[in-house]
């Protein structure tokens, strides 16, 4: 699962000029022609330095979002009610780790090691989707995440799967297939609460109210035109605008929420039938940027837990850097 | 005890200091490519890779990462470093393949000749 | 019927072992030492919970037991018959790996014996899970041997984990008062036979890993009669927290 819209590096002007000087214009033209023709770029191929840098950043953030995304839902692994929900939740969180694994592999083909990416996550240098910095307070939160955050992630990932970088697209094909299971099981658990006892329904409505703003933040800040972003669109790194994806999500899922008799905490939310666009209250973007900076309710815990996992797994990873090299000395025979 | 909503996390002893923790290069071991066989008799197809200390554990890991869903009867693993491939620039070596119709059934118009022969015989 | 009662006892302790160790091992999901292992260990935890579910279904469908969800999520501590090994917190990964190695070989030996069981549902289940258990023991063996051959630090950790786990693991084979009757009915061979087979299975792996098998001094018994460690009650409270909000509701 992933989101946060597209947040790309604004390239340092001097660096960019340097790189452009190094990007052979003939090769660049051939590269852009390939992409325009719908061909995929593969790891060993020539590519502009800026393309490589932005892709690493994009795929790495996506990978981090998967392994950090495993934590809010993991909160309920030991408490999921009933065998079916228990197994489905473990399997789902496991899939998130699996997606992280696939995505780190894809990013590694661009020349950054998995170790370096993990270090940048732990140090805060590299970001992950903001939505995972919010707490999963009740069981109903798990169903909201499983249904709506996964649905939003699918909108994003289906768009990205049509991008230009082969390894990323192949990873996304597999991920989208598994996400369809997540969405289905999330929707199923969501419906069960929505149509259950009054307490269950109240629990769900409360979770929905709390998650609505993070969901509106999910696709990232509103689009602003920049030549930088046009280049990324041309190179098929950025596949759709944040606002378009948000609109697509609202179009598909607001009716699915409302048909269950649930409400959304935004009085201005409605579709403008003339323009086909959804209108809504502006979600608090200052808060969004505060959370990105590390000041959300769970940023610290998420990274501390990730650090714990890396720290406590270290002896195993280090031991096996030299597998098969140790022989126990025979015990002295008296 | 940590102040988390996750009881699992509350059982961990988290290091809450801001001390940096760095994973060393090589700690995630080597990369192995994984090939998946869907049914007996089918080709093994490349599906991705795993990080593992050796081929034995690579196979153990591949089984769950690439064989836990859908049909699978066997897997191969091979060190990525052992794979040799052509460069993209060398793609032109294959460029004339389709022109060499003498290698292809479509290059031989048997029916045309038979029909011509039959028409002549009438 | 007496045999039914004996079967219920056998299946309950088997299912409880599987549920509790599966629950424990699932706590590692998302926190494992490396992503690939995280995924593998999680799958096996799911398998264990799946086995518990299958066993409780046999109780429910064949032996008049409760609905599996009610049975798993509502029972009180004293009615659980799991052994103490399964109840222990996950500790560090060496402990969890060693527990997995010892438990999964015991489980494999047990299901292997059930392939000949006169009680058909158990025989069918044993056939069904055979492949899964093959992977579980393959995974456990690979890790134990690898870590013991990788360096002194990891070797010593594994020996210590074995020392810590072994008496607890012997508790898997706590003999029951009716083992002889179950054996006479050809349902399963009884705990002592399984214990011997288990030692036979783990010994070659331990030899390869150069680990010393501790002496069987004080096997930790009690779980089969409903006496548990202090860790089980909090685990059950946690596991049932949502379910118990409304046990009649559908979640």
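Lettered A, B and C in written order, each chain numbered from 1.
By definition in this document, contacts are C-beta pairs under 8 Å (C-beta built on N, C-alpha and C of every residue); 3 or more make two chains touch, one makes a residue touch a chain.
Quantities reported herein were computed from a predicted structural model and do not represent experimental measurements.
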Task = Taking the mean of all protein CA atoms as the centre, name the chain whose own CA mean is closest to it.
result = A
Note = By C-beta contact count, A-C versus A-B, the higher one is A-C
Inquiry  = Measuring centre to centre with CA averages, how many angstrom lie between subunit A and subunit C?
reply    = 36
Inquiry  = From the mean C-alpha coordinate of subunit A to that of subunit B, what's the distance rounded to whole Å?
reply    = 23
Ask   = What parts of subunit A, by residue number, touch at least two of the other chains?
value = 71, 74, 77-79, 98, 101, 305, 308, 314, 317, 320, 323-324
Request  = Note the residues in subunit C that touch 2 or more other chains, in rising order.
outcome  = 27, 31, 34-37, 39, 43, 146, 150, 238
Task = Return the residues of subunit B touching two or more other chains; collapse runs of consecutive numbers into ranges.
result = 7-8, 12, 28-29, 50-51, 53-54, 57, 65
Contacting residues of subunit C [partner subunit B, same complex] = 27, 31, 34-37, 39-40, 43, 89-90, 135, 138-139, 142-143, 146, 150, 238
Ask   = If you look only at subunit A, which of its residues touch subunit C in the complex?
value = 67, 70-71, 74, 76-83, 85-87, 90-91, 93-94, 96-98, 100-101, 104, 139, 189, 192-193, 196-197, 199-200, 305, 308-309, 312-317, 319-320, 322-328
Task = Report the residues of subunit C in contact with subunit A in the complex, numbered from low to high.
result = 23, 26-27, 29-39, 42-43, 45-46, 49-50, 52-53, 68-69, 72-73, 92-93, 146-155, 157, 210, 235, 238-239, 241-243, 245-246, 249-251
Task = Within their complex, state which residues of subunit A touch subunit B.
result = 42, 44-46, 71, 74-75, 77-79, 98, 101-102, 105, 108, 113-116, 118-119, 122-123, 135-137, 170-171, 174, 178, 300-301, 304-305, 307-308, 310-311, 314, 317-318, 320-321, 323-324
Inquiry  = Quick check: in the complex, which residue numbers of subunit B touch subunit C?
reply    = 7-8, 11-12, 28-29, 50-54, 56-57, 60-61, 63-65, 68
